[in-house]
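Each of the two complexes below includes chain A, the first together with chain B, the second together with chain C.
Moving on to the complex of A and B:
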C-alpha cells in the first residue's frame, strides 16, 4: 500500500490525465466518463488528476514536517538527556507546555498569525510533533549514556560531540524509524483536517481535505469528489499505520507495548 | 501532596500565560491595518479612523495595549470584533456558547458509556471473533479522520435513506449525526484503553479470589475488575477532552453549525482575529481546567499515588 501511494505521489504529474488546474465549465460536476474518469468538480477540473496531485501535496507536507520534527526533536532530546540540569528542565518544561494544548488550537493560532497555507500547516504540525521525538530521544540518551560502550569511549578520551554522533545516534535509529513511520499517518490526518477546515493548503493546489470540504455540499447529487477523496485519504492513513506497525514488530520486538 | 498540587497549578498558570501572549501576538501583529479594513470606502474619514483606533486601543504603546488586554480578560472582556466594528467579542460568540458545549458534553457522555461498554465486551471475550471485530472497527475509528466518516454517514443516512437532516442546528434530529461524528474518535480511543486496562485487572489475584469464592462473572467484571480499571481511565479522560474539542470544531464545520468552532474558523477567513483568539482562549481555559481537575482527582482516588507524591 505504502509503495503504491509513494509511487503515485512521485509520478503524480506524469500519471494525471489532465492538468489539475485547467477548468472547463462544460465539465462542471460532470459524471464520470471516458474523458474524466472520476468526473469533474464545481469548476470542471478533472477530479482524478486532482486526486493524484493531492497525494503529492499531502506526502510532501508530511515528509517536510517529519524532517523538521526529527532534526529538532533529536537535537533537543540529546541536549536534554546528555546535558541534564537546567537545559533538561527547560526542554522538558517546553514539551509539557506544548502538549498541554490541543493540536487544533495551536494550528488555529499559527494559521491566524501566518495566514492559512502550506507554510502554516508545516509550522503548526512541526510545533506539535517535535515533542514526541524529543521525549523518546531524551530517554534513549539517558539509558544509553550508562552503557559500557559509551563509558569506554569516554575513557578513551573521545569528545562528547563525537560520542553523541558516532555512538548514541546510530543506536537510536531503529526506534526513531519506527516512531517516524507511525507519525506519517498522523501527520497526513492532521494536514487533511486543517485543509478541510480551510486553514491548510489553499486553491488552486489540490488537497484531499479541501476536496472533501468542497464535495460535501454536492453530496446529494454528485458524491464522486467527496467519496473519492475520502477513500484515498482513508487508504493512505491506514496504509501508513499498518506499515508502521509492521516495521515496529520487525525492528523492535520489545516495543510491542499497548 | 501540597507540593504536587502547587507544581500542577503552576503549570496550569504557565499554560494560560502562554495562551494569552500568543493570542495577543496573533491579534496585534497580523498583516494589514484592521482600522483601514473596518473603514472600507470611508477610508478618507480621518475622524472616524482616529475614533476607531481609540476604541480598539490601537493608538496606545504596545505594552499598554498588552496591559489593557490582560486586565480586560480578567474582567471577562475579550475585546471588540474587527468584522462587526464596535461589537464586543462576547456578543459575537454568544450563540456559539449555547451550541458547542451541548455537542461536546453529549459526545463526552456517549463516548464514555459506549467506549467503556465496547471495551469491556472485547476484554471479557478477548481473542474471540467479537473481540477481533470490535478492535478492527476501533482501529478504523482511530485512524480515519472524523470528516471522512461523516462524509460516508451523511451520504448513507441523509442522502440515500433520508433519515436525518444533512446540516443545520435546532431540532433534535439535526443533533444526532454531529454528536455521533464528534464522538467516534473518543469512543474508539476509550474502547481500546478500557480493553487494555480491563485485561490487566482481570489477570490480578483479587479477581481470581472473587471468582474462587463464587462471585458471579458479571459481578467480578463490574465490581472487581472494572472498578480498578477506572483509575488509569480517569487520566486519559483529560487527554480525550482534547479530541472532543477538535471533534466539535470539525463537526460544526461539516454540518454548518454556528458553534464556537465554526465561528473561530470563519473569523480567520474574515480576518476577525479578536473573535478567533477569544475562542482559542476559551478552549484553552476549558481544556486546562479539565486536565487540572483530572490530575487532582487522580491523586484523590488512588491511595497508592497519593502516597507516592507526598
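Moving on to the complex of A and C:
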C-alpha cells in the first residue's frame, strides 16, 4: 500500500491523464466517464488528476514535517533525558506549553503570520509535532541510560556523546519508526483538516482536504469528489499504520524468530 | 603486605529517597592488594554493587576518597580518568543486559579499545586475542549477542573487560545469573585468567561458596558497612562476627541438617537503620551496648578485623 501511494505521489504528474488546473466548464460536475474517470469538479477540472497530484502535495508536506519533527524532537528529547536538571525542566515545560494550545489555534496564528500555504502548514504542524517525539525520546533516554550496557560503556571510557549516538539512538529506532509512520498518517490527516478549513494548501494546488470541502456542498447530488478524496485519505492513513506495524516487527532483533 | 592497587578511604555514598538519606555505602575502608582476589559478600541491598561502582568511579563518592595506586580518582581530569579506565574494568551480573543487543560481538569487545583511541588494526588483533583467551570462536565477532548462550555471553563480557589489558578486574555478581554448571566454568576461567595475567580482582557475590572458591581475603558487608574482614581460611573457619556465622550456617551442606531460623528476621530498612550496631535486632548476642554504640572495625584476632562488641563469642 505504502509503496503504491509513494509511487503514485512521485509520478503524479506523469500519471495524471489531464492537467490538474485546466478548467472546462462543459465538464462541471460531470459524471465519471471515459474522459474524466472520476468526473469533474465545480469548475470542470479532472478529479482523478487532482487526486493524484494531491497525493504528491500531501506526502511532500508529511515527509517535510516528519523530518523536521524527528530531528528537533530527538535532539531535544535526548538532551532532556540525558542531562536532566534545568535542561530537562526547560524542555519539558516547552512541550507542555505547546500541548496546552489547541493545534488549530497554532495553525491559525502561523497562517496569519506567514499567510496560508504549504510553508505555513509545514511550520504549524512541526511546531506541534516535535513535542510528541521529544516526549518519547526523553522517556526512552531515561530508561535506556539505566541499562547495564550503558553503564558498561561508561566503564569502558566511552564519551557521553558517543554513548548517546551509538548506544541510545539505535535502540530507539523501532519505537521512533512506529511513531513516525503512524505520525505520517496523522500529519496527512491534520494537513487535510487545515486545508479543509482553508488554512492550508491554497488553490489551484489540489489537496485532499480541500477537495473534500469543495465536494461537500454537492454531496447529495455529485458525491464522487468528496468520496474519492476521503477514500484516498483513509487508504493512505491505514497504509502507513500497517507499514509501521510491519516495520516494528522486522526491526526488533529479539522478535526476529517469531 | 604487598602494594595496594586500590584503596577506599572512609568512602560513603548516600542517596536521597523520599526526602530521607540512605547510606548505601557507609564509611568503608578497604585495601585491595596486587595480584590477590578480595571477595565481598553480603545480602542483596547491602551496598555491594554501589561499592563496585564507587571503586570504578562510575558513581562519585559522597565523602571519602578512592585511591588508585595512591592517586585520588576524583581529582583526575576527564582524559586521565579515561586512560585509567583501561586499567580497571568490570564484569557485570547479567550478560543479557550488559551487552548492547544491537552491536556485533566484535564491536562490543572493542568498545574500551575504541574509547582509548586504538587503531582499527590493533583493535581487530586484540579482539582476536581475547576471544582465544576466554575460549570463544573467532567467528563470534560478526554475530549479535542474541546468538549466544548465557555462559557464552558472560565470556563476551569478560573478553570486553580484559581487552584493554586492565590490572584490576571487578566482578559484580559475575556468575549469579548463570546456571550452576556454567557458573563453575566461568569461575574456573576467571581464576585461570587471574593466574595467567596476574590480575588483581574484587569478586562481589551473595554466594558464600563462590566467594570462598576464588578469594584470598573476604569482606562481609551488612547495610553499607563492612562487619568482618579476614583471610578466606580465617573467615570461614573462625568467623568472629555473629552475622558471618549466621551466613555460614545458612549455606546448605551435604550431610548436615539445615539449622532452621539461623538468621532471624528480615534485613532492616536501609532508610531507617537500627541504632548502634546495625545487626543488633537480628543478633543472638545483642546486649544493651549494641543498641547504643556502633562497634568499630578492629582486629579481633591476628589479621582478622571484625566490627562487634563481642567478637568470637558464641550464642548460649
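Definition applied: the second predicted complex is superposed on the first by the 239 of 258 C-alpha atoms of A that agree within 3 Å, B and C clash if a C-alpha of one lies under 4 Å from a C-alpha of the other, contacts with A are read in each partner's own complex, and residues count from 1 in each chain.
Simple rule for what comes next: a contact is a pair of C-beta atoms (placed from the backbone, for glycine too) under 8 Å apart; a residue touches a chain by one contact, two chains touch by 3 or more.
The model shown is predicted, which means the values in this text are computed figures rather than measured ones.
J.: Using the overlay on chain A, decide if chain B and chain C clash or can fit next to each other.
T.: fit
J.: Using the superposition on chain A described above, determine whether A:237 touches chain B (first), chain C (second), both, or neither.
T.: In the superposition, A:237 touches chain B alone.
J.: Here's one for you: vertex at chain A, rays to chain B and chain C, all C-alpha centres; what's the angle to the nearest 10 degrees?
T.: Between the chain B and chain C centres, as viewed from chain A, the angle is 100 degrees.
J.: Between chain B and chain C, point out the one touching more chain A residues.
T.: B
J.: Kindly classify A:102 by the partners it touches after superposition: chain B alone (first), chain C alone (second), both, or neither?
T.: In the superposition, A:102 touches chain B alone.
J.: Figure out whether A:212 sits in contact with chain B (first) or chain C (second), or with both, or with neither.
T.: First partner only, chain B.
J.: Does chain B (first) or chain C (second) touch A:157, or do both, or does neither?
T.: In the superposition, A:157 contacts chain C only.
J.: So, A:148: does it touch chain B (first), chain C (second), both, or neither?
T.: second
J.: Look at A:85 in the shared chain and tell me whether it touches chain B only, chain C only, both, or neither; answer first, second, both or neither.
T.: Neither partner.
J.: Per the contact definition in the header, classify A:196: touching chain B only (first), chain C only (second), both, or neither.
T.: A:196 contacts chain B only, not chain C.
J.: Quick one: classify A:167 as touching chain B (first), chain C (second), both or neither.
T.: Touch partner of A:167: chain C, not chain B.
J.: Please provide the least distance in Å between a C-alpha atom of chain B and a C-alpha atom of chain C in the combined superposition.
T.: 12
J.: For chain A, which residues lie in the overlap of the chain B contacts and the chain C contacts?
T.: none
J.: Which stretch or stretches of chain C touch chain A in the complex?
T.: Where chain C meets chain A, its residues are 53, 56, 58, 81-83, 85-86, 89-90, 92-94, 97-102, 111-112, 114-116, 144, 146, 157, 160, 164.
J.: Flag every residue of chain A that touches chain C in the complex, lowest number first.
T.: So the residues of chain A touching chain C come out as 147-149, 151-159, 162, 167, 170-171, 253-254.
J.: Help me check something: in the complex, which residues belonging to chain A touch chain B?
T.: It is residues 93, 96-97, 100-105, 108-109, 111-113, 115-116, 185, 189, 192-193, 196-199, 209, 212-213, 215-216, 219-220, 223, 226-227, 230, 233-234, 237-238, 241, 258 of chain A that touch chain B.
J.: Going by the contact rule set out above, which residues of chain B touch chain A in the complex?
T.: 11, 14-15, 18-19, 22-23, 25-26, 29-31, 139-140, 143-145, 147-148, 151-152, 154-155, 159, 166, 196, 241-243, 245-246, 249-250, 253-254, 264-265, 268-269, 273, 276-277, 280, 283-284, 287-288, 291
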